[in-house]
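Please read the structure below before turning to the comments.
Chain nomenclature is as follows: A, B, C, D, E and F, assigned in order of appearance, with residue numbering initiated at 1 for each chain independently.
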Amino acid sequence: MRFDEAYSGKVFIMSRPTAEESDVILFGMPMDWTVSFRPGSRFGPNRIREASLGLEEYSPYADKHLEEVAYFDAGDIPLPFGNPQRSIDMIQDYVTTILDQGKFPLGMGGEHLVTWPIIQAFHEKYSDMAFIHIDAHADLREEYEGEALSHSTPVRKICELIGPENVYSFGIRSGMREEFQYAKESGMHMSKFEVAEPLKKVLPTLSGRNVYVTIDIDVLDPAYAPGTGTAEAGGISSKELLESIRMIADSDLNIIGADLVEVAPAYDPSEQTQITASKMIREILLGWTK
Amino acid sequence: MRFDEAYSGKVFIMSRPTAEESDVILFGMPMDWTVSFRPGSRFGPNRIREASLGLEEYSPYADKHLEEVAYFDAGDIPLPFGNPQRSIDMIQDYVTTILDQGKFPLGMGGEHLVTWPIIQAFHEKYSDMAFIHIDAHADLREEYEGEALSHSTPVRKICELIGPENVYSFGIRSGMREEFQYAKESGMHMSKFEVAEPLKKVLPTLSGRNVYVTIDIDVLDPAYAPGTGTAEAGGISSKELLESIRMIADSDLNIIGADLVEVAPAYDPSEQTQITASKMIREILLGWTK
Amino acid sequence: MRFDEAYSGKVFIMSRPTAEESDVILFGMPMDWTVSFRPGSRFGPNRIREASLGLEEYSPYADKHLEEVAYFDAGDIPLPFGNPQRSIDMIQDYVTTILDQGKFPLGMGGEHLVTWPIIQAFHEKYSDMAFIHIDAHADLREEYEGEALSHSTPVRKICELIGPENVYSFGIRSGMREEFQYAKESGMHMSKFEVAEPLKKVLPTLSGRNVYVTIDIDVLDPAYAPGTGTAEAGGISSKELLESIRMIADSDLNIIGADLVEVAPAYDPSEQTQITASKMIREILLGWTK
Amino acid sequence: MRFDEAYSGKVFIMSRPTAEESDVILFGMPMDWTVSFRPGSRFGPNRIREASLGLEEYSPYADKHLEEVAYFDAGDIPLPFGNPQRSIDMIQDYVTTILDQGKFPLGMGGEHLVTWPIIQAFHEKYSDMAFIHIDAHADLREEYEGEALSHSTPVRKICELIGPENVYSFGIRSGMREEFQYAKESGMHMSKFEVAEPLKKVLPTLSGRNVYVTIDIDVLDPAYAPGTGTAEAGGISSKELLESIRMIADSDLNIIGADLVEVAPAYDPSEQTQITASKMIREILLGWTK
Amino acid sequence: MRFDEAYSGKVFIMSRPTAEESDVILFGMPMDWTVSFRPGSRFGPNRIREASLGLEEYSPYADKHLEEVAYFDAGDIPLPFGNPQRSIDMIQDYVTTILDQGKFPLGMGGEHLVTWPIIQAFHEKYSDMAFIHIDAHADLREEYEGEALSHSTPVRKICELIGPENVYSFGIRSGMREEFQYAKESGMHMSKFEVAEPLKKVLPTLSGRNVYVTIDIDVLDPAYAPGTGTAEAGGISSKELLESIRMIADSDLNIIGADLVEVAPAYDPSEQTQITASKMIREILLGWTK
Amino acid sequence: MRFDEAYSGKVFIMSRPTAEESDVILFGMPMDWTVSFRPGSRFGPNRIREASLGLEEYSPYADKHLEEVAYFDAGDIPLPFGNPQRSIDMIQDYVTTILDQGKFPLGMGGEHLVTWPIIQAFHEKYSDMAFIHIDAHADLREEYEGEALSHSTPVRKICELIGPENVYSFGIRSGMREEFQYAKESGMHMSKFEVAEPLKKVLPTLSGRNVYVTIDIDVLDPAYAPGTGTAEAGGISSKELLESIRMIADSDLNIIGADLVEVAPAYDPSEQTQITASKMIREILLGWTK
């Protein structure tokens, strides 16, 4: 037995040993410095990796096996604590490098602000992209207590960058009045409370387009994902989220990248949140990455 | 900045600084001495306050903002440990004082026995009142192991005080045979297992009446509210409870007071129970108190 | 008061003091040495007993009281740590003794491998038996990392012993590709993802037969049963499992034995898993044991 | 293998199958209804039993094996929830019965109030007894918020019953000013903060006397016993408590009975409190019971 | 009973109802945005308040009762999430106001960076002050990953403001090589690993001076304070910290202000950290504030 | 920024990117299938890695920085669940490979049985080696419930392999009578209860010898390491263990390899056990590996 290779315990199961031979780059963004309630999502990516040990490599949902996808778990980007601006710059550079090599970026948060630099990187390459946002929170604020760089603002910034008409939010059940007003008036799409039903209607309208998808784990009811910073009662079930991932996989969208954010393990001693998140990552790997 | 006012960390978010300028009095009843299984609900009110920090002040369910309601979080009544009779007397006095000032009492438990002295206070003012009871447990015992003052008896006592025909129970899935028999024979209303569906049918029959509503958090399945003394599998979801609260808000009942009880934080390290309870309190404040 | 009898705190509530006067033997199998992810189910039986203290003795689902069933909680079989083969032999002997005395065995796991020796004992007496399997995992492997005695193999072994046409699996949402293929080709019945709906269709086809039923608590979504070794997102609710138990009770199958396995308390500080499991045990006692 | 005997999982390890053949009766008192801060010690006895599974049966401290002591774990006394007076009466009766049969009572709490009825039972038989009290709290109040039956009053009551000159408290680091004054003026012995040192001095003065010993687990620093209702920083270590138990065993006192109280498992997910308590019970069994 | 006053559950026990009649202002600083490992101390102050409910109001260490000190719990300063600079400005203003009114500021963190603005406020009034620092970490960095405002830098900044010869650190067991070098070369005092022993020697040299004291709860070994962001094995016991607080109280220093920081409740389900911290706050109130 | 290297979140801090350039190989042995009480140490190595993120890279104990040691974190050996024999064979092969390349093996358990194959590998190369064993448990059984391969037997096997006169046990406070007898009669060294004091006396007698050291984290009192399978009250403090590690580093022994075992994270939601273990690994890296 050799001891110089990527053995179990370090990476998401079935990761290829090098980036070169991989089509997908899985990476962590351990950042939670702007969260307003319960911090801790910086430990999310590592625990999702750990939980992947309990996964089957085959999915009966996709009827597909992880060995059919060539991906490399690149570990976490070493972000500087408490500095949102520098963190954001590093993430944008990192994702740009992945895109430059023609690979599919699959990110794990971390707080939701991480999606903002990712989309900036994508937008340079895909000027006509659309954005699907599955979340409990609108994330449409202009600022949060005076801060423009906040986990409450990324979707607003993305609307402003790629045009609100290219932004599609699902499952939203929390936000300021101003955010819901913006959603109504800006031309973006927002489905309140539900995900699978409205998604079924929207997907055909996005046929053939380049689409990035972000999932905030708190779209699930806290019963299904207690380990998250800003838990919101009244959410969807894991079953509905699995169905929604599958629906997107079965559509003819061209998924160009994705992330799953806001897993905060400290609040879930049962570990079910990261266990569930690791299953979602498996389904994304099997369904969206080509 | 002044340091002599009610800053964050002490009260439910958006509490007014004084009782005088408020229409609603929010108060805690930290009592759990008669519980038969897992004690700890005495810490419920404080943790619901703490969890309120994570709430948005605006509700997309009610399309309303907390600043539209004038309420004062008065803290916890200092109840004497292990003495049910004196605790009950203090609660009744306390609520009577609130009613005398024409304000709306919104209580947080604490064990369910606290509802008994509240209703005694109300009954003196509203002789024709009705009582809506949303709970996993019938609470219709005449006594519990020889004790008439028990968390298993309040609804029976209320039936005897205001007449069983004015009592409406929903979601009941646990009790002694004798309690279910009493429910059948006494003339009270009891819906087993479900809440939203039967409530929709019952509400029109209560049109225009003065109604007090009590919610035991254990009506939720333990998946949605693990932090409670007597968790009962087979309950409803947070979504269904949110819908039920809204349905009552949208009805033409005259809600005269309410409480939410049995949040026991020690059994829920994820804190989702108090997070969910604080959202229910927000929806009650926005929907029922005018 | 005498101190030489079985007082509370040692046994499942309402256990009779001796085996002689009982028709049902409730027993624990504290074994978890072959689990692949999170061990700890060896403590399941004791915590289910403890949680039974919080149960009502009457069930509004069955409209029946535990005093109507004569059962004896015999404690845990003292299985040897880390030795699957000897553990299995002991369980088979133990169950054979129960069957020889004409009593109904109701086992509590421990890991799912325990069902294999139980069925070997049953098969000697009931050569024509059928087997209902309610679980998230197919458990149809021939071996797990080279081990034939594994918590992933019992259903495959049972298929080989009693014939796959007599095996009915429900709720399956995880397994290797080979397991799903075997399910398709072998002639066994497998319902993926759902339990209550397909069970309703299958039960009439088993009319009058001798049937053993095993429930793996992880058929529930982790939201409802976080305290289990291999939690799998996308499961059923407690409500659906309660319904399914009732459906079997109301059918005209001849239930000859049953078990409930994989409760691992260490992963659930809320204790909801064992609380829920103890309710399922109550419903099985009231519904299946004649 | 027989299934009609006391197998593992129900009782403290090495319990004899019947009371008749035993010299010591080990019993639980699952009562916590008068506690002023964090309730939950009602589950203490069961978890101490469970934790005993991890113990060695041989002690290198005592150089003795549990098979050398004949004891019977009689389970918990079924005390009525929320009724201090009736609970106390039942405990007194129960202990009287044990004493009448010439056996050694070894109780597990439950809150500290349980020691009061035990001493009442003992005092009828041993009019000249002494009482050793190892605890963080003085427990010398005359009443607690108006209640004479409280977990804060038992030692005061015992002083009044057997004479303060026969009461010896060790490790005390919390109480009202009045309690410390009473300790000074009444003629009782109180050692503040320390246990082993002062005990070494006191034991010779008790030579040959009949002595009952009560240990409140909170005499340990919360670091060593976090699972207790009223944790008090600044306590002793497990090592010091083990030494103190041994010192008493090695003295020529005639120990007539003992208890260990206030283990509240809900506050200690690490389970170290009950694991430590079960070791103390083992050392008491090996050292004090003849 | 009136409902318009500060009842239990909102404030540290025995808080006076208004600031006016108080000599000491107790306040929370819920900030943790620059922590490098485990965030969550923003919830520290509220949980210390809650834990104070379990405290006796009398201290046998100080032989003094809380009613002898007039203090007002002013709640938490509403700091802006994720913005270190603005947070620091608010804290400095807040403390300046307290000092302007001639009151004693007693702060509860929050991360250790909060001590920096406090000392800036103090330094304007007390140009000759000394600073006692009890902590596991040197906190002497010039910057942390490029950030000057970090929980690793406050003591360095304070050295630069008031002169290293006026800074006295105790218990330090973690830091960069550069920090230990600075400690050696700058002229400040640093005692490694120990607190009580070196403090005994240093206190006489500070006789009569104006001294501010900061305690980082992580000076305790993680056994005694697991609920903190950057737990460091090898620390002191609660007993040693209690002794150290008493030693300062018994000295003839003029204590002008104090804080206790870094309690992060999410990492301590046993709650012992906040229970211990609340006892330390009581001893500070009784010993240092006049 | 490159994404094809070992970034944070995957390995112990400061691990070199390849084995080639390293003198020390750090590796995990995720095995717990023979534990008799609480399983779960299979997750120990990963959590120790994760906790290393909170460590300083410089040690004030050793006055040394991790960059001065060239080590490679090779991840976990992929051991087969539930198969002790095959696991043991794999570990022996693995360590033999490390030794063949002239590197220093530093293992992380997993259960203590892992030390047995490691010593078999060492013994082939170092026929005259000595063995230092720091543990709460004697681990001197010949078999455990019939199993020779058990976490209770490794030290006995090692005595038989390298001669009991070359085995030195410290801190032992639990075992069967037979184990303590063997210790007395066999010629091995055993210090009961204490570590630092006896180690100081023994080290000079081992001067110049090739010595392997194993540390079972449960030598610490459960207060300091609650996250372990078989917690034993009455242990040493973290301070004493740090001192002992330093004493060995400062001696003139030739340390040839080491391991740290039995970290079981599931029992310690505070994470202090892995945090403490990661500090011990740092001190071992800085002190023992040349």
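The rule is simple: a contact is a pair of C-beta atoms (placed from the backbone, for glycine too) under 8 Å apart; a residue touches a chain by one contact, two chains touch by 3 or more.
Quantities reported herein were computed from a predicted structural model and do not represent experimental measurements.
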Task: Chain labels contacting subunit C and also subunit D - done: B, F
- [ ] If we define chain centres by averaging CA atoms, which chain lands farthest from subunit C? Would you check?
- [x] E
- [ ] Could you work out which chain's C-alpha centre is the most distant one from the centre of subunit F?
- [x] B
Open item on the list: Nearest whole angstrom, what separates the Cα centre of subunit C from the Cα centre of subunit E?
Closed with: 54
- [ ] Calculate how many whole Å lie between the centre of subunit A and the centre of subunit E, each centre taken as the average of the chain's C-alpha atoms.
- [x] 39
- [ ] Could you list the positions in subunit A whose residues touch two or more of the other chains?
- [x] 36, 38, 43, 221, 223-224, 267, 269-270
- [ ] Please give all chain pairs that are in touch with each other.
- [x] A-B, A-C, A-E, A-F, B-C, B-D, B-E, C-D, C-F, D-E, D-F, E-F
TODO: Report the residues of subunit E in contact with subunit D in the complex, numbered from low to high.
DONE: 53-54, 56-58, 60-61, 63, 65, 221, 223-224, 237-239, 242, 269-272, 275-276, 279-280
Open item on the list: So in the complex, the part of subunit D that touches subunit C is made up of which residues?
Closed with: 1-4, 6-11, 18-20, 25, 27-28, 30, 43, 45-46, 49-50, 72-78, 90, 93-94, 97-98, 269
TODO: Can you check the complex and tell me which residues of subunit B touch subunit D?
DONE: 32-36, 38-40, 42-43, 80-84, 86, 144-147, 149-150, 266-267, 269
Open item on the list: For the complex, give me every residue of subunit B touching subunit C.
Closed with: 36-38, 172-177, 180, 192, 221-224, 226-227, 230-235, 267-270
